[in-house]
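Here you go, one structure.
All chains are identified by letter, namely A, B, C and D, in their written order; residue positions are counted from 1 within each chain.
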Amino acid sequence: MRYTVGIDLGSTTTKAVILDADSAEIRVLGRGITNSRSNYDVACSVALEDAVVDARFSMITEVLAAAGVSDAEAQRSVTNLTMHFREVQYRSQLTTLAGVLDEMIAKDAVAGVAQDDEVEALRAILDSLQAGAGALFEPGARRKSDFFRDIAGSLYMHEAETLTRAGGCGTRSQGPRFDYLVGLYDKAILVVENLPSSGDGFVECVLAAVEMLKEPLPMLANAVHTVAGRALEQVASVGTGYGRARLPFDDAHIRSEILCHGLGAFSMFPGTRTVLDIGGQDTKAIQVDGNGIVTSFQMNDRCAAGCGRYLGYIADEMNLGLHELGPLANEAKRPVRINSTCTVFAGAELRERLSLGEKREDILAGLHRAIILRAMSLLARSGGVKDEFTFTGGVANNSAAVNALRQLISENYGELKLNISPASIYTGALGAAIFAVRGLDTETQATVA
Amino acid sequence: MSTSKQATVDSAKDRSQDRQKQMIAGHFDRLAELEDRGEKCVYTFVPGNLTELMLSFGVAPVLPEINALQSGMRGLSRDYIMRAEKDGHSEDVCTYVKCDIGMMRAGNVGPTGKRLPNPDLLLLSYTGCFTFLKWFELLREEYDCPVAMLHVPYQADGRITDEMRTYVVDQLKKKIIPALERISGRAYDEDRLRELLTRSARAEDDLVHVLESAKNKPSPIDAYFGGVYYIGPIFSAFRGTEDAVEYYRELREEIDERVRLGQGPIIPSGQHVDERYRLVVEGPPNWTSFREFWEMFSDEGAVVVASTYTKVGGVYEDGFRHDPDRPLESLAEYCLGCYTNLNLPSRVEKLAGYVRDYEADGFLINSVKSCNSFSAGQLMILREVENQTGCPGGFIESDLVDPRYFSAANIKNRLESYFQMIEQKRTQGGSL
Amino acid sequence: MTSPTVDRLEKLISHSEELMRDPSLPTVWSWKERTGGIAIGFMPIYAPRELLHAQGVLPVGIMGNGDIEIIRGDAYYQSYICHIPRSTIELGLNGSLDCLSGMIFPAICDVLRNLSGMWKMMFPDKFVHYLDVPHDFDPEMGGTFYRHELTTISAKLVEAGAKPLETEALRESIRLYNVNSRLVRQLYDLRCREPWRVATSELYVMLRAGLVVPVEEHNAMLQEYLDLVAAATSRQPEDQARVILTGSFCEQPPLGLIKTLERAGCYVVDDDFVQVTRWFRHELPVEGDPLDALVDAFLNDAIESPTRYIAEGAKGKDLVDRVERTGAEGVLFCAPSFCDPALLDQPMDTAAVTRAGIPWTAFKYSEDTGQFQVIREQAGTFGDSIKLWSEA
Amino acid sequence: MKRDALLTAGIDVGSASVKVAIMRTSEAGEESLLVGRSERIRRRAVDQVTEGLFETTLSGAGLERKDLEYIATTGEGEVVPFRTGHFYGMTTHARGARFLEPEVDACIDIGALHARAILMDRRAKVLGYRMTSQCASGSGQFLENISRYLGVTMGEIGPLSLEADEPELCSSICAVLAETDVINMVSRGISTANILKGIHLSMAGRYIKLLNSAKAKDVVLVTGGLAADVGLMAALRERAVETQSSFSILEHEHSSLAGAIGAALWGAFRARKMSRLGVSLEASGADSR
């Protein structure tokens, strides 16, 4: 089956959306995401693979449904399968990581030769990571993120913390050095995530996942084989995003992120006239007309204050997962007034506020409001907010941000329809994929990296 | 999506350009020898410059703004600015001032590498920019020389009243002319002034013709990047001179020729631009990356057909001319009429007018950090012009001569998105 | 320890602070109901309040507002422009200024100058006047020009619903504002003599409150405050550094900043807050033509300001003189970010105080600054450097 | 213990780490560092880290609180409950700098979020200073974030930076946007060494500017943790030469303790003064000056 792909290479995450190239209307086959990294080609291909895997899983669901399995049943077992699939992937990545770490120690990659107790500590950490892998992917399990770098990283840091509790002064006398262990990880993960991807490792992983199922649906194995056998052919690709200038595409296959977000939002919600996108390090306010054509836009410049990364820093500072911030902020009783939205100062402001005895949730509420206030300015600058209003980008998944936005919008622009798609983070990639489809007839084909 | 370019043609190196180069070089040579020749010089500003009056006393005008922008184009401004900031000037304020002060502290060597004379008089024609006031207060601390303050009222209600004109004329008579008499040792000679004003008017006619040639399709000129060269002589030391008259006559002929041949503007590389987007631009250009900045436009086939920056040294398109029959009155009206002395509603009206009269596809603001006179309120101007013309507005931020505020990646990103947007509007949603 | 005096002081101060902070201008609304007159806002630094008062207009000082959330105001300004126009536009757009029939924008810098034009476009039906003031101080030129400005305002006010200007009424207004500036000067003199009696944070809110109440009421408030502090025996001298604060003549600093300076060990003995209250060095004559009095005072008796051209004499001399006059031990250059008049003047002023061997430090703020630890560190160190060594 | 030799402690609470120094001073004016330690906060409760480090430092030196005549805080230490008094950061850094390198006339305290150039006289009286603005570009925190992204430990940053052959400068002013610049550089194949050196140079440029506008003349000591970063030190010296700055730049093994040392010394100064005035300093926070 033929598909087009749109890739949005953002500052923090890289997104891929693949569309059915032969369907008259826009038909999304799959979505994929990964954390951005210095090797853009790898980031793009990992995101694409992830999208393809996603596509294949939805095909499996269809096949099951076709075979007479009830939707709920099909859904449940595929979700189950997916979780095991992720676990298998995670475990193999852990093994890769362990291998790289061994090399690191072998050739003293980190300043200061590893001491025996530090090698032991590392072993202990890796063992507990492997041991904990299963729990991570149980139904309803809480993960700080879906990216290997973050999941493994936070667990690794946590273990390192406890193992070096007494230490930290960098002096040898006090057992394993925390900084040394952190250094090892930072180095290793860099290598791991920039390794050229193994290609479509779907079959092996999915079969392993099927093995792990307690009582798999009888026809599941067949479905998996049918789908695994299907050929997926990429016929066109368009790239966008912050890293646009350095995307592994030629100029003909690159579109401004403004146009992609405008078009993506418009195609998700055809009533859209105003789009707000809060990404990792830029915020965009876009006005589109009845054809999804951008008529005016504004974006922040020279300063990333109040962008998604800001929340990232806060989450790190509080040792929370990004997705945990919103719910916590929603518990605020008396939100604190925050003026500075400088990302790098966020941690300091947070600490100062906490030391003043203010509540975490109240501060968080203030931080979220501060972000949205900046967005409100950008919206006003771009020509205000018209019905319907579509909120996209990673921050659109943050309930506290959405609440603050909803309130301020209704206060300042009256009641209007606020669209948020659960797939809002893929808006730019979707727009790009649509451009790819449109380009099909006119442009010579190109494929990702 | 970059435009094809025709091969370089000889006419790229216009005679007028050479003449202008010679004029400017000659001017700075003269300045370098000024002190030996016992001649006097006066520092003053581009908006509201009283060149004819100064020339009528035989004193040479020096324009710190021009020196600053020249330093910017030569890549000297960064060090000059750093030097001024090192000496306690704030990061927040106008970089022209800091560049000028830095240059002076570094020995006051001018754009052509020759030393500039110290001022015998600071002619503070306070026209449309608050910073001018501080600039010469600061220079006064450096040079032990008199200051003549000409306060030009602001056109707050969008018109020049009799009281404003009288106020300015009185100051010319009672303060400026006596000050010039003192330093030049000459008496005020109104007939001489009349001759100069007559020549000014002639050059001004030709300048207007040149700028309005952009109404042609394709436009033979770039009225922003090219425009800054065209306004050079008339905005600086040459208004009222034979040289200026000659330059503009020549320029006019060249432009008319280009119109006849249906040629687009010529960029520094010597090539003609194929016009794809006609733009109106508000705000001064960035000087430190002038050529790179220009090419961000010309590579996309964007031609500026009208700009407000080419009106800072005088607005002539509405019929104003220096008038030998009303010498001081017309000088007063000239000062009062400079673009930055217009209130915001008038500026919106002008810009909207340009968009219509020059049939522009887009309207772009280059907002410079340095210049609050231009920049404060530009975002409202953007909205208003969009509303009045239905023409999509674009907004980019840079600075005059501080390279730290020219982020090429950011500006390029915005311009690309902006041009793609205009294109997309044209093709109504089709694939780009 | 509380006493009736202390309680009354606290009430007066918290009342004044309330008036300063409340963006909805309740006092203006109630004054309008009471008198049926119109109110006109004016921005920093100086506006001829006497003239407005004489025509039955309530002059209301609008100095932005650091407490309100900026939602639309930021949309009009780039990052490199000061904060006061943002909050002022916010106030205009959120209806806080509906009680005003118009605004006067004095000629002090390009940002406020351009704001006057923006205001015309935003509020086409309101009275908007850009008060262009002369930088020529010859009565026949600058004087004539300024007199015409005043008569123009006066006429436009009548169109906006004010009483025509009458000589006697203007004389009476000048008398009232003379009293006001006399009381303000007393307050400043007292703080300079005995800074522990008059906390600058108190003086500040007293002045700010005066911007939104009728002058008669403000005079009463000032008198009450002076009487109360005279009776407040509990206030004792502390080991603090005497400093002059300069640069805050337009966008006003957040109260928290002033309190931070006090906590960091500084007695502010002179400042340039709310300068409209003491724009003239002396009281205006009430005999003769009162309009001439206003013009003459503006040309010849106004205090030095970075927003006015100084014809002759060295910049910064005035500041050095003030340091000597007030016995200050140092100068705090405390200017709003991106404030052209203050920041372009600073090199000349710092040069002058340096030549005079006066210690100084400089920092910037914005009216909505919420964190002061950096400023506290700076002011604290400045205080330390003066105190530890004066002791040692 | 005898009046004339007395022990005082200085506690410097920074935004990234806490430092404690214990000083012995004598009436005659001898001053010596008894023991000094620092610990990174790493998202732990500051008060606990502070008290913990203070106790381990004391016990490490075989001392108890009662042996101390004065416990002085500085930095963000105003909230430490058991302090005798607080001194402001630049006062203490100036004092500490002169203890470490008696001939300095200026120091630059490079912290995680701010840098402060401090000019002092022979008696360590602060004559003038300049601070970085409210934008965190080129801050220590920024350097740390970047190096973690590059997989470089704090200890490795300096040596690596020294290996740079053609440093790559960041174009962005904002620290966050600069991070993307860096990611871009990596993807363009710029070596880690050249990236780090580029960051060092842009930081150094800001710091030298601070020092110049603070009018530093002869000898400058770098205080604060980043003094240990040989790459930054090298960059500072390069920039100083480029800008024809007149001063020379020093670092000291105890640079990071400068604030704590200075606080302890000022504490001793106050303790003597108070005892001369017969004021008791039992209560915590007793010395409000």
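One rule holds in what follows: contacts are C-beta pairs under 8 Å (C-beta built on N, C-alpha and C of every residue); 3 or more make two chains touch, one makes a residue touch a chain.
Predicted model only: the values in this text are computed from it and were never measured.
**Student:** Going by the stated contact rule, which chains contact subunit B and subunit C alike?
**Tutor:** The common neighbours are A, D.
**Student:** Contact counts by the stated rule: is the higher one at A-D or C-D?
**Tutor:** Between C-D and A-D, contacts are more numerous in A-D.
**Student:** Please report how many Å separate the Cα centroid of subunit A from that of subunit D, as a whole number.
**Tutor:** Between these chains, centre-to-centre, one finds 38 Å.
**Student:** What whole-number Å value describes the gap between the mean CA coordinates of subunit C and subunit D?
**Tutor:** Taking the mean C-alpha position of each chain, the two centres sit 39 Å apart.
**Student:** In angstrom, rounded to a whole number, how far apart do the mean CA points of subunit A and subunit B lie?
**Tutor:** 49
**Student:** Out of subunit C, which residues touch more than one other chain, so two or more?
**Tutor:** Only 75-76, 364, 373 qualify.
**Student:** By residue number and range, which residues of subunit B touch two or more other chains?
**Tutor:** Only 87-88, 379, 397, 407, 409 qualify.
**Student:** Which residues of subunit A are in contact with two or more other chains?
**Tutor:** If we look for residues of subunit A contacting two or more partner chains, we find 245, 301-303, 340, 352, 381.
**Student:** With chains as vertices joined when they touch, what's the shape: line, ring, star, complete or other?
**Tutor:** Chain contacts: complete, every pair touches.
**Student:** Going by the contact rule at the top, pick out the subunit B residues touching subunit A in the complex.
**Tutor:** 1, 379, 383, 386, 392-393, 395, 397, 405, 407, 409-410, 413-414, 416-417, 420-421, 424-425, 428-432
**Student:** What does subunit D use to touch subunit A in their complex?
**Tutor:** 15, 37-40, 42-43, 46, 76, 79, 113, 134-136, 139, 141-142, 145, 148-156, 159, 172-177, 179-180, 183-184, 186-188
**Student:** Give every residue of subunit B touching subunit C within the complex, in rising order.
**Tutor:** So the residues of subunit B in touch with subunit C come to 87-90, 92-94, 97, 124, 126, 129-131, 133-135, 137-138, 141, 149, 151, 153-154, 156-157, 163, 166-167, 170-171, 174-175, 343-345, 347-348, 367, 369, 372-373, 375-380, 384, 397.
**Student:** Which bits of subunit C are touching subunit A when the two form their complex?
**Tutor:** On the subunit C side, the touching residues are 69-76, 79, 368-371, 373.
**Student:** Which subunit C residues qualify as touching subunit B in the complex?
**Tutor:** The contact residues of subunit C facing subunit B are 75-78, 80-81, 85, 107-111, 113-118, 120-122, 129-130, 132, 134-136, 138, 140-142, 144-145, 148, 306, 309-311, 314-315, 337-341, 343-348, 350-351, 364.
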